[in-house]
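These are the structures in question, set out in turn.
Shared between the two complexes below is subunit A, which pairs with subunit B and subunit C, respectively.
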Partner chain A sequence: MADIQEIIAKLFPQAVFEEGDILTVEIPDAQWHDLAKTLRDNAELSFDFLKTIVGMDWVEKLGCIYYLTSTKYNTNIAVKVTTEDRVNPAITSIADLWHIAGMYEREVYDFFGIVFLNNPDMRRLFLSIDWKGYPLRKDYDASPETNPVPDDNERQSDFTNVYTRDADGKIECHEERIFAENDFVVNIGPQHPATHGVLRFRTAVDGETIKKIDVYMGYIHRGIEKICENLTYPQTLHFMDRLDYFSAHPYHHCLCMTIEEAAGIQISRRAQVIRVMMDELSRIASHCLFIGTFCMDLGATTMLFYALRVREQILDIMDKTCGARMTFNYECIGGVMQDLAPDFADDVRALLEIIPKNLKEYDKLFTGNVITKNRMEGVGVLGREEAISWGVTGPSGRASGWACDVRKTTPYSIYPELDFEEVIRHEGDSMARFQVRMGEIEQSAKILAQLVDNIPEGEYCVKVPKVLKLPVGHWFRTVEGCRGTFGVYLESDGTVNPYRLKLVTPSLPAAAVVDTLTRGGKIADLITIGGSLDYIVPDIDR
Partner chain B sequence: MFDFSLFTNWIHSFLSSFMPEWLTITTECVLIGVALLLTYALLALFYIYFERKVCAAFQCRLGPNRVGPMGLLQSFADMFKMLIKELISLNHTDKFLFALAPYLVILASMLAFAVLPWGNGLQIIDFNIGIFFLIAVSSIGVLGILLAGWSSNNKFTLIGALRSGAQMVSYELSIGLSVLTMVCFAGSMNVGDIVNEQEHLWFIFSGHIPAIIAFIIYLIAGTAETNRGPFDLPEAESELTAGYHTEYSGIHFGFFYLAEYLNLFIVSGVATLLFFGGWMPLHFPGWDGFNAIMNYIPGIVWFIGKAIAISFIIIWFKWTFPRLRIDQMLALEWKYLLPINLFNLVLMVLIVVYGIHL
Partner chain C sequence: MEVTTKSMPYEAWKDNEYIESLVKELQENGANVVVGSFDKLINWGRSNSIWPLTFATSCCGIEFVSLGAARYDMARFGWEVARSSPRQADFIMVAGTIVHRMAPVLRRLYDQLAEPKYVIACGACAVSGGPFKKSYHVVMGVDKIIPVDVYLPGCPPRPEAMIYAIMQLSRKIKVEKFFGGVNRQEKQEEFLKNHPIEGVED
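Take a look at the complex of A and B:
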């Protein structure tokens, strides 16, 4: 960590360092783009993965925290860029350095009104085009009169804005077309069977060939980050299963872990084992659903039922222990809510017995099929560099040869003790993404097999103060959700509510990368690629 | 075998005994029309039920089982639902073409019924170019689909219709050529003659390898021609919601729906006619006892039974395979099926010329 600090300090004397759990650099906006370029390109730093951009409102100033990771050295750094101008806040864009930065900057613009200079597409990301105000600012007026429920259709624009700074330092805005003037634009979504939820692709096509896709998000945006700012810590947990409803357990796990670490709570080993087992069970269930729906997207409806059979069995296990089949509210601060059901271990053993048989069946029915191969092989190839730049984590990232499994890179809970392999393929196409998930089912089963006979005795939940206050500070923790890296940024001002709770979800990059992957492909490829990336819309929109 | 022409001739002479000739013919036409419509509707209902049950079996489900015993009345209930649904009229569509399209589609499949050999002598019209007529009328259907997609004024339907046009025009070649192969073998385009040719042995057995190749190609092309999976691109639900019939409702949608199932029956029926002897029972030369037993099963049962068996295979395709992509589908036709087909035709000609068949 000292080396990184030395290198940066030598090149950028203005940089202010702050030691925390990870190195934080504060830099004025004028140097930010140069620093970003150095961080990415310097061979000794090579921070090539932009984890997220956290927009912040510290009342006296607005700003962003950029979380960067080096996939080469597995080091982390945070960079803080702030501006004191609340009327026309502006920060230089880094959309030209990391592909995904463009999207994250749009999100920050949407919530904080910070304009990113030179970003080629500076529109709102989630909220409607005519929304007044920036909701995550602390002085936002949330009264319904400001933004009444509209009676008429949402206005839509074919133009996007680009902000630049001219020679005198004044910010200029000019409009640019999203599509060429005579493009044949097909609207796929928000109500469409293959978008897996209310996601909308405006697709410019030339015959069957796709020219460009413009992704519209926010149809299921609920403002969870904003809502959480008014809730106590135990209450915020209940929103975690409303993001990616198929990986509710890992998401709960992440937030619990962050809060427990901030509050200094040690949980029992039994609770940890239970959490990990639930994580892996939901991973299997989620991948089964992926296999089913993906095959259905390709037209093989029968596979859905075969895949759902396994998922159904897992849901029964969950039902017995958590009391729900979806939106599980099981993990809580200090452990888990209830103890395991008495026949949990037997049920898991029965599940482990059928999984290998089922996987073989899927291969026979689907993977080996010549039509399947033609539809998936070489379709939507995402290279390793591209995957990192787009921040596509999880199984999709690993299919591109990027070892991005958080369980291996920054192990948490009891994962270091467990013996499992990270499934990595190098083709980067839809077939690889499919097969990585098939492989992960096997690995998760392996983890479960190691744990099912060794669930330690002990209390499942430790005592936690009724009113939980966190010390002043900020924490950023990630876990491996079913679809990729899920992160929680938590900033506390010492009260019972979080000052800022930023959720970093894997589905947003997955949806953002669709445009790049589908260009030049056929309409049918959009369905294959979208399906294989396996995004969940509430996870994108939050 | 019982000859149905005895029965039909009896009706004819009975009617003409007290009617002038023009009235007799008119009455007969009306009777045939009613019988045809009834068969058509019943077959469609049966097929809907059949496909649901087969699909359910493949997917480890039960399928319809609430309405009537074993869910038998389910498709009747569905039909009534469809009949009483509102016909939604849309703005900005070409009203006339929009309404015309479903009728064209259903007309094409009804006309094709005219030449199917249901049983010995049980055929609406048996004339010397029966097969040719069949191919000609069944290609009217694509016109209806193109019109439906175009007149709906919707981008999805338009893409669906154009896909459908490309697909049907391409696969018509394969159907035509494989039918031609068999016509060449039979030496006649007359449906009755083709069936009678197979009295001793069905063509699939007597026609050597070319007949088997022709059957496989016919089955693939027939699946494509009926827009069924894995060739259901025109209505690929996960891509184009419902393709060319997205904007249709009520009975107009019902017509497309019925036509799809009836086309399935027609494709299977023609396969039966060309490869499996039409209504002809299973005969093997020399097995006289076996042949005599087979003759006890009436021809109409043979025909429908064989057609349903072939439909079962086509339904099996649909619920097993994923969908092809448009370029792959066209490549399959133009790069593989067509050359194989042409080669196969030459092979068949050689076999016929040198007489090396059973």
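Take a look at the complex of A and C:
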């Protein structure tokens, strides 16, 4: 870590360093773009993966924290850029350096009103253009009168804004067209059976060929991050179930882990094993549903019934222990809510027995099918560099040859002790994304097989004070959700409520990359590509 | 008059009082013998083939998928023909949270459904905003934008509960007067008068 600091300090004497769990650099806005370019391009640093941009309102100033990772050296760095201007806050954009940055910047603009200079597409992301105020600012007026439920269709614009700074330092705004003037734009969604929820694509087409897609989000933006700021820590947990409802367990795991680390709580070995088992069970269930719905998108409806059969069996196991089929709210601070059901181990063993048979069956029914092959092989190819720049993690990233499994790169809980392989393919097409998920079911089953006979005795939940206060500080933790890297950024000001809780979800990059993947392809392939990326819309919108 | 279904005894229903009051209201002016019999025949058909619109915004939608799959198998009741176009569907199962941006879309979907049409508010979010009660962007119950026939609590409701809710809807359909009063349409006109959309003549 010291040498990263040295390199940066030599090039940027203005940089202020702060040692924490990871190195944090604070830099004035004027140098930010240069620093970002150095961080990405310097061979000794090569921070090529932008994990997230956390927008912040510290009342006296607004700002962003950029979390960067080097996939080459597996090092992390955080960069803080702030502005004191609350009326016209502006920060230089880095959308030209990382593809995904443009999308993250739009999110920060939407929530905090920070304008990113030179970002080619500075529109609101989740809220409508007529929305008053910026909801995640601390002085936001949340009364329903400010922004009533609209009874009219949403105002649409064909234009986007680009902000630049002119020679005198004044910020100028000019409009630019989203689509070319004569483009034929077809609207797909939000109510469409194959968009997997309420996502909308404004698609410019030339005949059947896609020219450009404008991904339009926010049809299920529920403002979870803002609600959490007024809740106590145990109360924030249940929202993790409702983001990506298939990854309920891993997401819970992540937030619990972050809070436990901040509060210095050690959890028992039994609780850790239970958590990991639940994570892996939900991974299998999630991938099963992926296979089902994805095949249904391609017209193979029968596969849905085959895949859901396994999923129902897993849901039964969870139902017995957690008391629900979905939205379990099972992991809690200090461990898990209840002990395992008496026949948990037997049920898991029974499940492990049928999984190999089922996978064989899926392969026989679907994978080798000639229509499947034609629809999926070589369609929507995402290269490794692109995947990293777009921040597409999880099975979709691993299908492009990027070893991005958090369980391997930054192991947490008891994963270091477990024997499993990271499934990686290099084709980067829809077929690879499908097969990585098939492979991961096998690996998850392997993990479960190692644990099912070795669930240690002990308490399942340690005693935690009823009123939980965290020390002042900030923490950023990631886990491997079913769809990719899920991260929690938690900032505490020493009270019982989080000062800021930022949820970094894998589905947002997956949806953002659709435009790049589909350009030049046929409109029918949009469905295959979208399906194979496996985004969950509430996970995008939060 | 007992409104029954084939598979469930009358006493097992939890809200008979409501349906009885509905029957009473509908039959206040008495029913014509011929028209009443026609009604019965038509409603028998309608109540056994209610087609849902494929509509889901979040978690509840996944339980709706489970409902369609082999284990819960809604095809047993004649509801399996989930249509992707509102023009072909009988009811919307509002499965999931409705937010400000989605509200006009849902309203338009409802307007596009062919009469007679029904709405089930499925899950806590659709009933009242649920866990997102304090959100700045969530509609606190879909009954603010469209009339609701059946409220189904749960977060998400289990598929069994969904079956119960749709059976409840089918009971409601059974007692409607298709030829006689058509009370339903009057209610909707009234509703639209109270919730106008600018520039649209209802």
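Quick note on the criterion: the second predicted complex is superposed on the first by the 542 of 542 C-alpha atoms of A that agree within 3 Å, B and C clash if a C-alpha of one lies under 4 Å from a C-alpha of the other, contacts with A are read in each partner's own complex, and residues count from 1 in each chain.
Heads up, the rule we're going with is that a contact is a pair of C-beta atoms (placed from the backbone, for glycine too) under 8 Å apart; a residue touches a chain by one contact, two chains touch by 3 or more.
The shown structure was predicted, so the numbers you read here are calculated from the model rather than taken from an experiment.
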Combined model on subunit A: subunit C and subunit B, fit or clash: fit
Partner chain(s) touched by A:Thr302 [first = subunit B, second = subunit C, both, neither]: first
First (subunit B), second (subunit C), both or neither touched by A:Glu19: neither
Winner by number of subunit A residues touched, once subunit B and subunit C are compared: C
Partner chain in contact with A:Glu312 - subunit B first, subunit C second, else both or neither: second
First (subunit B), second (subunit C), both or neither touched by A:Glu208: first
Once both complexes are placed on the shared chain, angle at subunit A toward subunit B and subunit C, C-alpha, multiple of 10 degrees: 50
Touching partner for A:Glu181 - first (subunit B), second (subunit C), both, neither: neither
Subunit B versus subunit C as contact partner of A:Glu457, first or second or both or neither: neither
Touching partner for A:Ile371 - first (subunit B), second (subunit C), both, neither: first
A:Ala524 touches, of subunit B and subunit C: first, second, both or neither? first
Which of subunit B and subunit C A:Asp166 touches, first, second, both or neither: neither
CA minimum distance (subunit B, subunit C), superposed complexes, angstrom: 5
Intersection of subunit A interface sets (partners subunit B, subunit C): 192-193, 304-305, 309
Residues of subunit C that touch subunit A when the two form their complex: 54-59, 61-63, 65-66, 69-71, 84, 86, 96-97, 99-105, 107-109, 131-132, 134-139, 144-145, 155-156, 158, 195-199
In the complex, subunit A residues that touch subunit C: 126-128, 135, 140, 142, 147, 149-154, 190-193, 197-198, 218-224, 226-227, 230, 238-239, 241-242, 245-246, 289, 293, 304-305, 308-309, 312, 325-327, 537-538
Residue ranges of subunit B touching subunit A (in the complex, touch as defined): 55, 58-61, 155-156, 159, 163, 229-230, 232-233, 236-241, 319-328
Subunit A - residues contacting subunit B, complex: 184, 186-187, 192-194, 205, 208, 295-302, 304-306, 309, 365-366, 369, 371-372, 374-375, 522-527
